[in-house]
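Encoded as structure tokens, the structure appears first; notes follow it.
Chain lettering (A, B, C and D) follows the sequence in which the chains are written, and residue indices restart at 1 in each chain.
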Amino acid sequence: MKIGIINVTGYAGVELARLLHQHPQVELASVTGRSAAGQSLSEVFPHLAGIDLTIKAELGDVELAFVAMPHKESVKEVIPLLDKGVKVVDISADFRLKDAPQYQRWYGFSHPAPQLLKEAAYGLPELHRAEIASAQLVANPGCYPTGAILALAPAVKAKLIKADVVIDSKSGLSGAGRTLTLPTHYSEANEDVSAYALEGHRHLPEITQELNLLNPQPSLSVTFVPHLVPMTRGILTTAYAPLASGKKGLEELKKLYQDFYKDAPFVRVADSPPHTKQTWGSNMCLVYPTVDQRTGWLVVISAIDNLVKGAAGQAIQNMNLMLGLPETMGLEALPVYP
Amino acid sequence: MKIGIINVTGYAGVELARLLHQHPQVELASVTGRSAAGQSLSEVFPHLAGIDLTIKAELGDVELAFVAMPHKESVKEVIPLLDKGVKVVDISADFRLKDAPQYQRWYGFSHPAPQLLKEAAYGLPELHRAEIASAQLVANPGCYPTGAILALAPAVKAKLIKADVVIDSKSGLSGAGRTLTLPTHYSEANEDVSAYALEGHRHLPEITQELNLLNPQPSLSVTFVPHLVPMTRGILTTAYAPLASGKKGLEELKKLYQDFYKDAPFVRVADSPPHTKQTWGSNMCLVYPTVDQRTGWLVVISAIDNLVKGAAGQAIQNMNLMLGLPETMGLEALPVYP
Amino acid sequence: MKIGIINVTGYAGVELARLLHQHPQVELASVTGRSAAGQSLSEVFPHLAGIDLTIKAELGDVELAFVAMPHKESVKEVIPLLDKGVKVVDISADFRLKDAPQYQRWYGFSHPAPQLLKEAAYGLPELHRAEIASAQLVANPGCYPTGAILALAPAVKAKLIKADVVIDSKSGLSGAGRTLTLPTHYSEANEDVSAYALEGHRHLPEITQELNLLNPQPSLSVTFVPHLVPMTRGILTTAYAPLASGKKGLEELKKLYQDFYKDAPFVRVADSPPHTKQTWGSNMCLVYPTVDQRTGWLVVISAIDNLVKGAAGQAIQNMNLMLGLPETMGLEALPVYP
Amino acid sequence: MKIGIINVTGYAGVELARLLHQHPQVELASVTGRSAAGQSLSEVFPHLAGIDLTIKAELGDVELAFVAMPHKESVKEVIPLLDKGVKVVDISADFRLKDAPQYQRWYGFSHPAPQLLKEAAYGLPELHRAEIASAQLVANPGCYPTGAILALAPAVKAKLIKADVVIDSKSGLSGAGRTLTLPTHYSEANEDVSAYALEGHRHLPEITQELNLLNPQPSLSVTFVPHLVPMTRGILTTAYAPLASGKKGLEELKKLYQDFYKDAPFVRVADSPPHTKQTWGSNMCLVYPTVDQRTGWLVVISAIDNLVKGAAGQAIQNMNLMLGLPETMGLEALPVYP
């Protein structure tokens, strides 16, 4: 089966290429990237020397394409692919939100194809596996939403949480992409921690959309603050919420989470607080739910590799479902540790 | 004026030595350290080559001593010093809590001198300046409490906060000290973020003690989770709390903080979210209060260098007050950036 | 085929477990580790949760064993295994040197089985492929020697080098192992570069032994200085040597290296100066030979992941040869980048 | 005394501002920076909040100016200042080389004021103290040359070295400046070591110029390879050279270095291999000379903070000499460690 990547030259794109190379059932047949068009993939990215492909300006014939364009650009690439009958996993935000006006509010543009928002599946297999399997278009979740939703979904679904939730996320720098910026300049980011997007991060509406689908009443009030920490990969999310009805036993809570994720091959309910390092390079999400025994607040910690479960790995997990392949195919490699 | 350091060989101890060296009015006259006794300070710590002192087993005659022992050990060193009339800044936790039974609960020992807990001043000058100035014994605050209390004090004092507070702190590794442990082994800590002490961190009772002093009703319910991030110095604290009575204007909030800290030379209300890097090596605490306009929650971020404002620098600030010197003396150096 | 690991709890041990897990033809059947005996592998190393094994005190029945003990301890484990007919890849230094008295000089012990030194193959497949394939005992090379010998072998073999060679290596911290030491304490190693072992590093005799085998006359005079740099994985080696007979064309030099390594699947002659990051988690060694056009000195740079090509990956490469499997089996994963 | 900085917005510029702020005898009175003109210094650089200055487009009246422009741009700023009688410390390369044609060769431009190259003092006080004290124009050395020349000067002067020298330098990322580039993008530089400028680095002619001044015969053949290591500050230089006449005693060698630097307050001959971390934020250069006892090669290691002794600190050291102030004034702060 031939697979393509539109805009292979960002971090999500090269991670897709790395992971697809070790997939036994699909062939990475075509990659595009405007600035690097004409160069061999291994010339631009020496770590991909095992892949013999030239970066082209236009995508060749493929059965499924990953589109890794910036938001607003992505939808323009996706529509003609859909028209040709190609299956698409879109890595951008362009099809994640079901409510079209949200694009004006959060992304500053009027969505050109609102009807597609209904058709697109939100590509978090742990919540939408069946829908993804039958979709032509899957919107791959953002990195923060992946960690945050997986941390909270079982508790929200079980109505353990009152209205208020605090989500404090700590991300490595690769989440900010390969585009040069001052905050991602080495000497600025190294040996530093900072919060950002205090006025509202674009990943917030994804988080509330998905959590509210799990339990519409009450509508959750989510305070979300992302932070940059000096490492390349990984997101640790610490979610806090007052329990709806008094204290909850730790064993009971753990059991609830294990049951929720019993069919999810890439979520593991951890026995101890997880480290992002325990997911490096892998598609695993580690989730650790607990209760602060003094305050009765639920505290859930999740760890992912933002470029794998938070981007390229989850995209391949979605591809597997869309193509009727085993969900874990090509994603079995263990994390690289230490 | 002769000053001494008991147990100079930890990170707080060497940072005290570094800072005292540039203090114009006091003389670092005596340092102790059991394992390194007999060696010159510069032999063990080449960066202190400018200081000509031998590490001794016993402290010489000094007017004021910094005691940088582990908890439970510290009180044993402090009592004889007090008896001799020496002023003491204790870096450990042994005199921070006013309520003696808390030592059994949080530190696992019965405090041998509970009467001293009343006498000791809690050494956060922004809250207890006058008390510190007249004290013979000052308990230097913990690193997390320094960042957390300074973030929340103005809001608590102004009764802006309901009962619940979430404090999410991100600390560099030097906060864990110089003692070798697996979590502070380079290859384990590097490229990793993790939460720890979910069952309750020892710095929590300090935080609640001081916040409740500012506003006893209602008693605050504090959920505090510390995290390790891969850097050497710095603590970023993000504090979250629902506002007591609806939304608060940002300008009004900022003004409240500026007024609270108008006489505090080492707290600056920042114009943008602070970076720990902006405090590296300096005694400044940067505080940034804001309100999440969607949820109405107060979010306050503070940044400190855990070894300076979170330990040695604050200790010298206390010393200055105790000796009648200008509060900022010897602590004027700007942060080292980038 | 059943495979075992003696002392799985060091970094080489867990990396062997990670890589063997994705090997299609062998089964990791038994692992030992004294301090952790009785615990499940995934309890001690959560990233290995995909492997269902208990750490035992004694090795079970296996066809081939990796021995990852400290030097001097390793030989004691290896001899009984050989007597039982088990094939052994020894990760320690205990069988790397052919000349028994060198053990007294460099490792401070009298080798208890000098006859085995002749039988053991030096496990650098690029130089000793046939010998390894027929050996019962293979001595896996040190991490520094792997990078240094692969950088210099083609030039030495072609007699391009006069007597003097300078080898300047920069290693990440995982090369120093999982044992706690002050130089590998996070706050000491982070944001720091230093040289060490200036009085002579134990990897030096390996390097000279192998280079002199390639060209016995003249005996090379190797000045080798290892350095620690603040990262977890990777060794970059920069080797310098005056050319034996005037300047050499760059194309000719590159051709010489390409020819030398034309049958080596894990050495790539790079088109630009290699980055250690381009080998992260993979068994590739990147080699970049050039000539300083002003001075006529040969400069060769090599990059490896010290835990893969410098330890566990190379050990599996040796295992493949010993078991008659394709050399690259189980080692095809691309580097994890960035 | 009023002092100015032209182009304060680079890393050398802000480091000058930080250090001048703690200088007791000079006043930082004017700073320029084209892109940030009109903004307050503390707005652009919050760590400089203690300095109340607005960044201007044009320099005000000052007695001495630091010019921190890129090469080729700097000379245009320097000439009018000299004409006005202002003393200048130029941070760029524009006046470091005595031989005008070298600018065409290494920097690609024809030097517009070759007569000034003779007048300018090369601002390495350890070699040119008297010349600097009487100069109107001082060319502040490059960061690599500072570390390399201080490592080798005593040995070259004493004619210990034959013709060949290898200089292997490891630099933190701040040496590459604040301008955004792919190699200094966090996710590219982190967890990576690489060599660069193998075709010849622009700092090489400075190094050879100064070493050959110390001992013209024989002309040294210097092979210099710079490397980037993942840290913000610091350069470790390891220099290798065959000794001219057999082995040299270590004590004798150390004595030679100590004598050479006996009047140099910012060079310390270290007792053990230096760490860059031991110089963080300070103007010290640590030098450690030794001899490889097997090969008879001289090995000298030096450590500096590239932004202090390698740039801004040395510039202030030069300023002190030019203004008749004590050489160490304002530069006494100890390194920030760990």
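Details
Quick note on the criterion: a residue touches a chain if its C-beta (ideal position, glycine included) is under 8 Å from a C-beta of that chain, and two chains touch if they have at least 3 such contacts.
Keep in mind the model is a prediction, meaning the values are calculated, not measured.
Among the remaining chains, those touching chain B as well as chain C are A, D. Comparing the centres of all chains, each the average of its CA atoms, the largest separation from chain B belongs to C. Chain centres here are Cα averages; for chain B and chain D they lie 36 Å apart. Centre-to-centre separation between chain A and chain D, using Cα means, comes to 45 Å. Touching of two or more other chains is recorded for residues 11, 172, 174, 187, 190-191, 230-233, 274-275, 277, 280, 338 of chain D. Taken in their complex, chain C has these residues touching chain B: 11, 172-174, 178, 180-182, 184-187, 189-191, 230-232. The touching residues of chain B, counted against chain D in their complex, run 11, 14, 18, 21-22, 43, 45-51, 174, 191, 232-233, 268, 270-272, 274-275, 277-282, 284, 286, 332-338. The touching residues of chain A, when paired with chain B in their complex, are 164, 166, 168, 170, 172, 187-188, 190-196, 198-200, 221-223, 225, 227, 229-234, 236, 238, 240, 242, 273-277, 280, 290, 292-295, 297, 299, 301, 303, 338.
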